[in-house]
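In the two assemblies presented below, chain A is common to both, partnered first by chain B and then by chain C.
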Partner chain A sequence: MKIEVRNITKRFGTFTALDNVSMEVPSGTLVALLGPSGSGKTTLLRIIAGLEQADAGNVLLDEVDCTQRALRERGVGFVFQHYALFRHMNVFNNVAFGLKARPRGTRPEKVEIHERVFRLLRLVQLDQFHDRYPSQLSGGQRQRVALARALAIEPRVLLLDEPFGSLDAQVRKELRRWLRRLHDELHITSVFVTHDQEEAMEVADNVAVMDAGHIEQTGTPEAVYHHPSNAFVHKFIGDVNLFRGRMVNGSLRLDQKEAESGRPNEVFVRPHSFRLTQAPDGPDCFQATVEHINPARPLVKVELLSEWGGAVQVDIPHQTYQELQLERGMTIYVTPTQFKVF
Partner chain B sequence: MPPNSYISNAGRRAVQDPKAARWLLTGVAVIFLLLFLVLPVLLVFVGALAEGVGAYLRALRQPDALSAIWLTLAVAAVAVPLNTIFGVAAAWAIAKFQFRGKGFVVTLIDLPLSVSPVISGLVYVLLFGARGYFGPWLAEHNVQIIFALPGIILVTLFVTVPYVARELIPLMQEQGADEEEAAVMLGASGWRTFWTITLPNIKWGLIYGVIQCNARAMGEFGAVSVVSGHIRGKTNTLPLQVEILYNEYSFTAAFAIASLLALLALLTLVIKHAVEWQARRAYSRPQEENVA
Partner chain C sequence: MSIRRHSVIPGFGLASGVAVTYLSLLVLIPFTALFLRVGNMGWGPFMEAVLSPRVIASYKLSLGASLAGALLNVVFGLVVAWVLVRYPFPGRRFLDAIIDLPLALPTAVAGVTLTTLYSPTGWLGRFLEPYGVHVAFTPLGIVIALTFIGLPFVVRTVQPVLTDLEGEVEEAAACLGAGRWYTFTRVVLPTLTPALLTGFALAFARALGEYGSVVFISGNMPMKTEIAPLLIMTKLEQYDYQGAAAIALVMLLMSFMLLLGINLLQWWSGKRYASK
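Take a look at the complex of A and B:
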């Protein structure tokens, strides 16, 4: 099922949560809406679900306009941020709710409901917890019940609002991989909201980066990371050093004088896109002193203070670190090898 | 100081009053409660049974007394369900939706609690009494509200408006609308969502509110006194009947009727306590099981 969002605008009082947003989610893909809080990503998800009415624009599911359709008829599975499990029902009844709520004609037999619920509970590895109440489950287990409950109605589209937001780091990583596997198995068109770029990168086929009610860029995690279309995306995705400088005759000038003269550009350099040398190396390089070194990582993290007094974060391989014999207080020459100017 | 004294001190809380002060404070509180709460209630029963059980039962079997009992039950039977429906609807609207003037509505619901019941009664006399705004029209159409059952029901409705709504609003606000949204997303109709999700979640709060509403509906004196007209065997509720009998020096009969109201109060307390206990249990049960 393809999801298409066309020119959606949504205001809350004077605040514009979404400003003429358009987006397409190809059938069978898993898309992340990524952005800082207040960027409108949850609002967009709730509008796709039908939980919120847009002031303008349309939501199309497989080319059919759903804007005026009743919530119940959309066939959308929704996983809430805080799970919203029915607290007075056990796990089985939570998952069975959607099937039991069907009108008499389409409601499955009791035996079939039982069978389908247990099939889902096995899928989320919770079959032995079927008679527990939500308050007796851990956060990760609740999340999986919420997912099983949403899948029970055989939705054409699955929407997840900060699915891992309130879990601790370890469980988060585990559930993340698990969601990806589940999606590869079921191939339901899915959209999930997150403010965690690592999460979006790891799980999603496509990422839509949002800021202040706009979608800034849509693309594969690779494209968004390596070819950010604007300064916001570059700043938001991955670690990055921000310089003020400009290109002069094909070479990059980052020093203070360039930053002050005229209108400097914003120059973005990832921590691993530097070359460190003991002697000056070409016109792009600048001088810096080593402030701090953290070698207890896959890449050695070096914090530098540039000649104009700005902090620079550099990641270098252990081999380079040893060859350079880096020490605190040492003076070093830094050359950006890859950068982006906006 | 030997090290042992640290250990013995460790068991004591840092801030604790001396024993004598604790006993004194507790004693004062208990004596006060006995004197001003328990004793009067006991005296009601003592007064009621002063001339023996036979006289007590005879007093309750008087036609006027029976009529007062029926009237009180009838008023509560109308007012409590109506205010329950209103309370749930109001709490639902206030807790789950955003609309303009919400604060005003909340204040309005509290109004009966801040207005003297006598004033509430007078307002209805002003509206529906013989010289009230609608009086002539009502007289023309032969409808009697003041000094009749409709008037008593109306003022009782007025004074008992807040009880259910006030109990439910904070509860429903705390629970939010997430579960309802989830139910609707799973295909449940609004009606089904209410019965299978909302109602079970507010069950104990609702029962608590209904009990309080009922106690007030049956015990209301001031407002009912203004609109009832004190017609014996017709428009006297239990509290009014007590007053009349007392003014006529029929103490045994007055206390007999009063004992019914006292029993109602005690029953209300017991149910309230049981409901609170249930609600606590329903809330904490899962954690206990989790430990086990």
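Take a look at the complex of A and C:
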């Protein structure tokens, strides 16, 4: 089921939550809506679900305009951040709710409901918990129940609103991998909202980066990380050093003089895109002192203070770190090897 | 086995001591006195006082009218609470404040006012009379008076629970294809049941003991519109203290059984998801 969003605008009073947003989610893909809080990602998701009405624009599911269609006719599975489980029902009845709520004609037989619910509970590995109440489950288990409940109605589209937002880090990582596997198994078109870029990058086929009611860029995680289309995306995705500088005759000038003269550009350099040397190395390099070193990571994290007094974060391999014999207070020369100018 | 277990909250001994003394002074000692008074009455006179047809009729009326009033309040109290919580509208605060008035008003004032309104020539009674609906001086009038004084209990017990009920749960139900009615009966109502039961119990208990507002609107016709508290008053006026105490004791036992039953029901409905 393809999801298409066309020119959606949504205002809350004077605040514009979404400003003429268009997006396409190809059938069978898993797309992440990524952005800081207040960027409109949850509002967009709720409009796709039909939980919220857009002021202008259309939502199309498989080329059919659903803008006017009632929430319960859209066939959308929705998973809430705070689970929204029915507290007075046990796990089985929570999952069975969508099937039992169907009108008499389309409601499955009791035996079939039982079978389908247990199939889903096995899928989320909670079949032995079928008679527990939500209050007796952990956060991760509750979210899995919520997911099974959403899948029970065999939705055409699965929407997840910060599904792992209220879980602790360890459970988050586990559930994230698990969601990816689940998607590979079921191939249901899914959109999930997150403000955690690592989560988006790890799970999604495509990422839509949002800011202030706009979609800034849509693309594969790789494309968004390596080829950000504007300054916001570059700043938001991954660690990055921001310099003010200019390109002069094909070489990058980052020193203080350039930064103050005329209108400098914003130059973005990822921490791993620097070369450190003990002697000056070409026209692009600048001088810096070592402020702090953290070698207890896959890449050694070096914090530098540049000659004009700005903090610079550099990641270097352990081998380079040993060759350079870096120490605190040492003076070093830094050359950006890859950068982006906006 | 010891009742005192180590707890981070101090003062169990002191607090429980105060609670027991307080309850004894206010509730247990008066009730014991009532039992003692009836105790030296003798079995025969007791049965005679308690089982005379006029007294039996009053029990039936008191229990029936109180139940009817409490049930009406459960239904309409829920609607009022729902409106107050869910829809912002001008004058909501004002309406909210009005709810408690039946508690503050002297009950005799309420009784006289209701009687005036519903008498055959009153503002409301005048329009009901042509349809053959008699309110004042009938059991229906008693039900209205008891509904009036019981209104705040259901509204005030349901309101906070309804405020806490997250809208997301209803959204989830709608996403799963449930219609409004299905969502209401299967999701919202079960969550409210414990609060509704509490409100029902309070309204019912209050109605059973109500005297002031009822005596004016009921007309106090023996066998027809005479409530049990009024019979007790009548006995007292005739210096039949033991007879009054006997009727009171029976009333007390009946309401205690009913309230106990409601408490058990509540415990049963609440235990399943009480531990949050």
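In this section, the second predicted complex is superposed on the first by the 342 of 342 C-alpha atoms of A that agree within 3 Å, B and C clash if a C-alpha of one lies under 4 Å from a C-alpha of the other, contacts with A are read in each partner's own complex, and residues count from 1 in each chain.
Throughout what follows, a residue touches a chain if its C-beta (ideal position, glycine included) is under 8 Å from a C-beta of that chain, and two chains touch if they have at least 3 such contacts.
Fair warning: this is a prediction, and the values are worked out from it, not measured in the lab.
S.K.: After the overlay on chain A, what do you see for chain B versus chain C, clash or fit?
M.R.: clash
S.K.: Per the contact definition in the header, classify A:A101: touching chain B only (first), chain C only (second), both, or neither.
M.R.: Both chain B and chain C are touched by A:A101.
S.K.: After lining up the shared chain so the two structures overlap, which partner does A:R297 touch, if you call chain B first and chain C second: first, second, both or neither?
M.R.: Neither partner.
S.K.: Show which residues of chain A both chain B and chain C reach, each in its own complex.
M.R.: Looking at chain A, the two contact sets intersect at 49, 51, 71-72, 76-78, 80, 82, 84-88, 97-98, 101-102, 133-136, 149-150, 152-153.
S.K.: Note which residues of chain A are touching chain C in the complex, please.
M.R.: Residues in contact with chain C: 49, 51, 71-72, 76-78, 80, 82, 84-88, 97-98, 101-102, 133-136, 146, 149-150, 152-153.
S.K.: Where on chain C is chain A touching in the complex?
M.R.: My answer: residues 166, 168-169, 171-179, 182, 186-187, 190-191, 272-273, 275-276.
S.K.: Quick check on the complex: what are the chain A residues that touch chain B?
M.R.: For this pair, the touching residues of chain A are 49, 51, 71-72, 76-78, 80, 82, 84-88, 97-98, 101-102, 133-136, 149-150, 152-153.
S.K.: Spell out the residues on chain B that touch chain A in their complex, using ranges where they run on.
M.R.: So the residues of chain B touching chain A come out as 178-179, 181-189, 192, 196-197, 200-201, 282, 286-287, 289-290.
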